[in-house]
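Two complexes, one shared chain (subunit A), two partners (subunit B, subunit C).
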Partner chain A sequence: MNNGLALFLGVAGVFAFSWGAFILPAHWQLGRLGQYRDPVDETLHPSAAPGLAAQGGEVYADLGCVYCHTQQVRQTTLTRLKEGKRAAFNPDFERKWAGDANQPRPSYARDYIQDRRVFLGQVRLGPDLRNVGTRFPDDQALYKLLFEPQAVTKDSLMPPHAFLFETRPIVGERSAKALAVPAPPGCEVVPTPRAEALAAYLLNLKDTYDYPEERRRNMLPSAAILEGDR
Partner chain B sequence: MTETPPSQRAEQAGIDASTKVPVAVLLVCALLWLVSGSALQILASIQAHSPAFLSNCEWFTFGRVYPAAQNALIYGWGFNAAFAVSLWLMARLSCAALRHGGWLVAAAVFWNVGVKLGMLGILTGASTSVALLEMPRFAVLLLLVAYSMVAVWGVANFSQRNTGHAYASQWYLLGAAFWFPWLYILAQGMLFVAPARGVMQAIVGEWYVQGLYGLFFIPVALSSAYYFVPKILGQPIRHYFLAPAGFWWLVTVLPLLGGSRLVGAPVPVWVPTTGVAAGFLLLVGLLAVGLNLFGTVAGSFDRVRASTTLSFVVAGVAFFLLWGVLQCATALRSVAAHLPLTLAREGQDWLLFYGVFSMAMFGAIYFLLPRLLLRAWPSAMLVWTHWVAAALGVLMVAGVLILGGWRQGELLNNPAVPFTEVAQAVSAWLAARSVGLMLLAIGHIAFLLNLGWMLCAGRAANAGGLIPPPAELPLAKEPRWQESQT
Partner chain C sequence: MSEPFPPSHAPIERAAASDDSLQRAHAQLLHYRPQLTRGVLLSIGALIAVLLAATLYFTHNAGGFDPLVANEDVCPPKGGFQAVTGPVTPALLGKRVYLANCIQCHQTTGLGVPGTFPPLAGSDWVTGPEERIIRIVLQGANGPITVAGKNFNGVMTPFAPVLKDDEIANVLTYIRSEWGNAAPEVKPETVTRIRSETAGRTAPWAPAELLEIGK
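Right, the complex of A and B next:
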């Protein structure tokens, strides 16, 4: 351990190992994932986000929504007693975070290949947003939430993002985009372009297409865990 | 105890003096970041349970203040302190004066301007929202230039060493000097220059975060521990033959833990599995380091308590062992079901960055500044306040986040509890975190006051003897590591 060169080579070796053991195989494995062509209607999945939604992703990054919200529906890993029998369940499914309510599924790596930025997130201070597009009917409901979450849910812990909106005097007709929120007389509250992009991004978040291959592969581990838990 | 011969002591004083200007500049910057970073932490923490607080101002929305606070602590306080302590320690251990140290002041200026620009970028909306890599690109370039200057000086000093051997602290410092830039460049490249596709981005991100802790902050912290424990106790490291094995084992295993941050995520299953397995392998490395450091300390705890430096450094080593044990506990199946995507992760990271790294740095700074400036710390009371606030504060912050995270996970996993109720339950724990952060801030203010007082008081006041110069000032016997090695 006294030879500087040997020490340096060891140091480089440690780094190369951490890279080679972790990043390289993952890159090799995930790099092969491509879009999936539906055998029936020949559509490609997942599809790229439309332009406005892609811009909204930048707004999502710049406002740091990721520090409170995740974007990943987790795999089935829990069991509970139901009618005297142990049954697997996925809390994310029951919270309606998993896309199609009739056919809920966890997130797959393939779901993300078209995302310019991936926001898996680290902590769920707010609900998971991977399928938020299935829960909101239109941008108006999102605007209302972003403008003042406390008006939607009492004591909500989501911070208001009123700065994404503009209060301006009504000139001529009321804007079609104006929010249904209290505004000073003669004024209206309208979303800025950033708010519109963000809403488009959120509405576009929905993984409703199910990949047959992934579904089969992902069902296996949960069954294995069931066995182990008995 | 034999005294170091006066000639050798004079030489050491010369080496210390050669590091004086850059190290003092870096440390003052580090302390200012520490105080401003903890103010930002408190602000973000309050916003997390009182969302209306400063929410009208876009610059200070939670999603920007939180990453800004993290960056101020890691890149502002963490790196400045690590630079200062590493340069000083390397020069001492290599018995070589730091030549042309003035250039390092330029590096310090670059680094701190880089961090400030990066923070400004985050607050004004250029954040990338990738954990610990939020700073926009223009800041990254400055940071890399500044870092390479510091690292070149450190490595050059090592290669000009006037000793035949390289001590454990030097292995850790040399490793850290190279690992950080490699990690940083690869992560920046794979995330922003030629972005990897899909969840590969998340894997690279977690690899970077874990690498930053495991291959930079932990090694720097351990290098201080390996220096100060034998130095101040005047005893060589026990079982020193284990030190090389401990070193290689730890630095190989620590970065692999990144996988454990992705449990349940839509990534290949082997990624989290490797991370969890690494958690168990970690125990072997912890055992080696524990036998070395606690083996040396054993039986001398009263002397640890009597030394300011050692009470910080040894607390840091204890937090390291605690963190390692928690890391294994979280791999157990019943725990692993609840903890992912909760506050617990942040709690563990606090234990690592603050409990281990920052405590070790505090200890080192209490030792080295008086020797560089030839002044004593004016107030023992403020030192004591700092220690108590730091130790209790980090236990509280990490404890609250880990226990709160456990509760949060339990509630999230029970779909019968509506989400609003989960959020309300979590907010009580977040309020407790704010209290813990305030406790930490009290310690930081005490530290800053003591430093300011020391700088203003000048030598005259010390002659009056507010407190006697630290007992270690006549240097304790050099630890005889060669002896224990053979």
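Right, the complex of A and C next:
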């Protein structure tokens, strides 16, 4: 090792460069975002996912749901012809992906600060899941979909996740968690702990709290966009 | 002794370098180190400093990047957004109470449900004497009532057991200042006073009875 110092400096330089280019600016721009304290009821938002839901996040990562589903509601305004006139519309809002139907909103950077891993995703083969918790009434509906998506949506592209469930003989009474799906006589289909965690995670996915400061900055009358001729 | 081969073949047969010369060459190489002179170190340092400064500059002026903006159509005003952290007004606090307790019947719009639940927007009751509406919220109301020219006859649940005095004051302040209503705020002290005056009462008020109060 003749050039130890040069090697060390070279390696340090390469790491410092990528750190300076990717980590430092991002941290500078977003690192100060903290939980928002509601001035009225003093609650903190966003709150951390409860234990089971946090475990479900790991299952979500494990099963690669992120390859087909995004978790980011965008506020993009497109225009289209409607009755001969150009009208503005927001595709994500129109698909009811934006949480509260009365006050739809995009995903803000702050929404993700409590996530251990951020599953933004890139491909939308399936619907955006950032607010999926507002669309499903309970875990049973989710189990049904995960067990066999094709039974919910005909020819669905989503792969069945039947391996998250267990078919077992009914001992004594039927389990309260048993799925309403066809099972062999005397048997029932029940979710495994992984399925339960995943469902808890999905039901917890909802950004319903609207941060006043963000709302104020992101509001833009659609007329202004039409004027801007996009 | 004669040479076994003609001299012209000598370079092929004999090693060009002797052991000695090889060792000398190695020794030289072993001693050779590119010198990290001060000049080289300084220029590497300067390069890093320039890169760092450039990153900081770019980050700082990232096209008006704002971590709170998600809408790609939003163009931040010159000088950036001004943060507003408005004071917490009684009306704002009352909005919370309203959204938690009253919207099932009177709706978020304050318009009620035609024929069933009377509106609060544009209601003379809301902007009228505070003694009446404090009583309505405390013990509830039951009986024919005319609000904004329409007749209603329903039951409003009492809130005396659920809401505290300041919550009632705040929610009334809210409905008196929202949806175009403009009436002075209701003080928690007034609610406390009326609550003690009506302490024994559990029956809901009949609107006709209330009209006698605060005339």
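Following the convention adopted for this analysis, the second predicted complex is superposed on the first by the 190 of 230 C-alpha atoms of A that agree within 3 Å, B and C clash if a C-alpha of one lies under 4 Å from a C-alpha of the other, contacts with A are read in each partner's own complex, and residues count from 1 in each chain.
What we mean here is this: contacts are C-beta pairs under 8 Å (C-beta built on N, C-alpha and C of every residue); 3 or more make two chains touch, one makes a residue touch a chain.
Values in this document were obtained by computation on a predicted structure and should not be read as measured data.
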One more residue to check, A:Tyr60. First (subunit B), second (subunit C), both or neither?
first
A:Ala162 contacts which: subunit B (first), subunit C (second), both, neither?
first
Tell me the contact category for A:Gln29 with respect to subunit B and subunit C: first, second, both or neither.
both
With the two structures laid over each other on chain A, which partner does A:Gly126 touch: subunit B (first), subunit C (second), both, or neither?
first
Determine, under the contact definition given at the top, whether A:Ala109 touches first (subunit B), second (subunit C), both, or neither.
both
Who contacts more of subunit A, subunit B or subunit C?
B
For A:Gly20, is the partner it touches subunit B (first), subunit C (second), both, or none of the two (neither)?
second
Given the touch rule stated above, what does A:Gln75 touch, subunit B (first), subunit C (second), both, or neither?
both
Which partner does A:Asn2 reach: the first (subunit B), the second (subunit C), both, or neither?
both
With the two complexes superposed on chain A, say which partner A:Arg117 touches: subunit B (first), subunit C (second), both, or neither.
first
Interface residues of subunit A shared by subunit B and subunit C, listed 2, 17, 21, 25, 29-30, 33, 74-75, 77, 106-110, 228
Subunit A-facing residues of subunit C, complex
33-34, 36, 44, 48, 51-52, 55-56, 58-59, 62, 65-74, 76, 81, 83-85, 88, 92-93, 95-96, 108
Taking the complex as given, what residues does subunit B use to touch subunit A?
47-49, 51-52, 55-58, 61-64, 66-67, 125-129, 131, 158-159, 164-166, 171, 174-175, 178-179, 182-183, 186, 190, 195-204, 207, 211, 215, 244, 248, 251-252, 255-256, 258-259, 261-262, 264-271, 274, 333, 337, 340-343, 345-346, 408, 412-415, 419-420, 423-424, 426-427
Note which residues of subunit A are touching subunit B in the complex, please.
1-2, 4, 7-8, 10-12, 14-15, 17-19, 21-23, 25-27, 29-31, 33, 60-68, 70, 72, 74-75, 77-78, 89, 91, 94-95, 106-113, 115-127, 149-150, 153, 155-163, 221, 228
In the complex, the residues of subunit A that touch subunit C are 2-3, 5-6, 9, 13, 16-17, 20-21, 24-25, 28-30, 32-33, 39-41, 74-77, 102, 106-110, 211, 213-214, 216-218, 220, 224-225, 228, 230
